[in-house]
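Shared between the two complexes below is subunit A, which pairs with subunit B and subunit C, respectively.
Then we have the complex of A and B:
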């Protein structure tokens, strides 16, 4: 069953952190055209059920490969390292200090004169941090320094969570 | 020139036969039915040439009811038996409908499981039954207009409908005895009707403000694929709210308090609706209000009306901004903005939406009909009438699905705007030593606290072996199908103890209730029901045999050994024989047997499809080969 293949193989893409987003989207659409339940609506119930399973797998694959964090976690999972649950990986104190600072700024933004501008600049900063971590992950992964790569993923998780909180606060302020 | 179709040897000509399928827009204010006729999707009129069917049902006595305009005309005179805007009650609990207050001036009776029933001259009616009556009226119209048996219907729902509202809509269809080919999101349907005309690839935003619901969907169009990137909205905000705001204003102008009787409230709302419509073209409207034997002559200007609704319109704009953010696109990237729903005729709405997206929104398509048209186009494809159509609709869930964890908090399992169908599993554990059961509370919504989310269902996983707290591993799996409907399963991993449910909304009808209602709605005798059951199984058998025969002709040689093929063919022959008889049970078993026997073949075909997709072959190339 193709469903047992890993997502990269399922999409016919090389197992790598670097990914061609245009090709990924193209493959996604091509696979959808073959697998989606609407394509099998006039066939037997069993084929329809199968099609739902395959499409769910395809959607899960797309969601996994599209997001850099989830893609990184997935690459490590293929190597037998699960970074999705609770982790005992040690984070260096410098990074934690920096996180606390960023969080304080998030808290302060609520009362800033122009909270939206403050949140935007905070968001940009986090994004550029993330971009750096992504490069770092790629290097670690390529050189098979997997433990180190896992530590980078842990940092990425922190920052992605912060991004989400920035967005939530923006939503709250808009309401 | 007429083209004759010649069937290939071994292939039946039957699949080329045009199957009758309809698209239904089951709206808050008006409903429509459309179908593809001679290659063009058109809405179907009633005997008097009316396309819009007012979504109003009046119950006169147990056996008599009116649906449509006649019922609407009686709304003020007979408010308790005349149900308007029933869509607002779908999938809602007693407390929700009470919160609607004067918007729903009915006598509610709580039913089992907290579902509200409306006390009418025809007895207690659930919102699902009222919707089914509207659907029946549309289906009757289609049967007359198309002259034949329907294969099924695509029924549209607001994109922002939650699971309970979707399930209630599907239940209404079941009650109206029509096969649902797909529940389709209204803005996606509109995009189909709009996009197929334009043939432009790119990002479009569909702003859909109906009578009682608001949706905003952002889609990417690419060579016939309509991919919804994100959707947002409010399933309790629409033109009705404009009417109510204006009606309250009129009541205040006449010196009337809030405590209006049901008839006067309905009268003022209907009056407000007319004034609103007039203000879409005029700068001011004159009216006279007759209540309690007194006449009040009033005037309302468009500015006054704009003031009354500006807060409501702003709410829709905030939803637009959030949805763009979720879709990961900026305002500049949106090529076109399509306006759908009767309420987009309000000038303030057009102006504000145009301003937000910095472009003139498209209003050239009839905002009342576009959803039904799009649904009809998809129904045509799903019925199998367009085997080489490139069109494909990829949709998302509008609201996150999760469950309740310790302390009344929500843990999200599937996030909003995830593409469907989707399946996702998450592991949870016990919090007490020796805990042998786990209550699973399924909720939908974005908020942290369970009490702020919609409760969809509760069930209990029992038989967990006693272990220390935190030692048991319970895997909860969420599955959302292509209609956006959820089912949930829970499994204890060390023992394999399982429990699962098709999520039946907390405020929904149970399956046996539906069966009971369906039975009651038949005037037929038992023989008719038996004959019907037999026919249904025969159709099922025919469908399976036909699908398999075609599949064998296409891929049998490539994917099956001679023995495998012979075995399948003999199973097919067997089912054909059984289906010619009249033993319903035997046919049902035969269908199940053949379906199982062909399972492996179906899987191989699916794998082959994947290979083809990856080789970059187009559908046409593949079909040519076949």
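Then we have the complex of A and C:
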């Protein structure tokens, strides 16, 4: 195992946004087996430390490749574009306007006659927006339009955050 | 992480929350967002014929620091000329609210928002 390899190579998968989730899980289990600490009880301290490092790399890799947003960010990172810590970048005002409206609807859902129905339809809308953005990202990435791909990733971040907030409100209302 | 008293004050009693008609020729609208935390901010100014900001409104979806930064800046810009408002720096907001380093970007967002609102207003005057 070589932790200097990127996560795709580490899992023996092609460097691509489209990913075979079944194969990813299979590879994860295979690699996990090789790393299981019980198999390394006889190893030296140094080797055990390495094994801990491998495990951390493996788990980080799994989490990164499994999530479409993190996978997209990681692909851009490989190309030298870091979208993970950005705070002040220009975002399309029309998109922000739409985000504002979606968040207003989330706010109003709390007092709706049937808040769960409202949240469900809002959630579906956000999911379908996200699905569209993922397709868009894949196209941009494949055609090496990396700046465009980064702009799509930024939009994905707003929608993922909104999904999280929808879930949080659902949990709150259930209690 | 604990919020400062100033942040809590603006968070609990935000000033100037609301919206103006963005089709109004005297209104400038700034929309900004921070993808890393998913914050969205709308800041609007109403400018008199003499070029003075008469009123300011905001709506922010985000953390306490982002809400406080936008609330504070709407208070500050009222009565300012466009040039004065354009010179406002995020560091002044961060200082007034005692923002910790990890929240400085919230004050940057508010500075970007007022600049975007001024630009929008100016583009309407052409």
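Assume the second predicted complex is superposed on the first by the 168 of 175 C-alpha atoms of A that agree within 3 Å, B and C clash if a C-alpha of one lies under 4 Å from a C-alpha of the other, contacts with A are read in each partner's own complex, and residues count from 1 in each chain.
Definition applied: a contact is a pair of C-beta atoms (placed from the backbone, for glycine too) under 8 Å apart; a residue touches a chain by one contact, two chains touch by 3 or more.
Everything numeric here is computed off the predicted structure, so don't read it as measured data.
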First, second, both or neither for A:50, with subunit B first and subunit C second: first
Partner chain in contact with A:148 - subunit B first, subunit C second, else both or neither: neither
Partner chain(s) touched by A:120 [first = subunit B, second = subunit C, both, neither]: neither
Partner, of subunit C and subunit B, that touches more residues belonging to subunit A: B
Contacts of A:158 with subunit B and subunit C, given as first, second, both or neither: second
Set of subunit A residues, in rising order, touched by both subunit B and subunit C: none
In the complex with subunit A, residue positions of subunit C that touch it: 31-38, 40, 42, 59, 61, 105, 108-109, 112, 116
Parts of subunit B lying in touch with subunit A, wherever the complex brings them together: 15, 181-182, 222-223, 225, 227, 318, 321-322, 325, 378, 381-384, 390, 392-394, 418-424, 479, 481-482, 543-544, 547-548, 551, 595-596, 598-599, 602-603, 605-607, 609-610, 612-614, 616, 619
Residues of subunit A that touch subunit C when the two form their complex: 83-89, 91, 93, 96-97, 99-100, 103, 153-155, 157-158, 160-162
Footprint of subunit B on subunit A - complex, ascending: 1-2, 10-12, 27, 29-39, 41-47, 50-57, 59-60, 62-63, 167, 171, 174-175
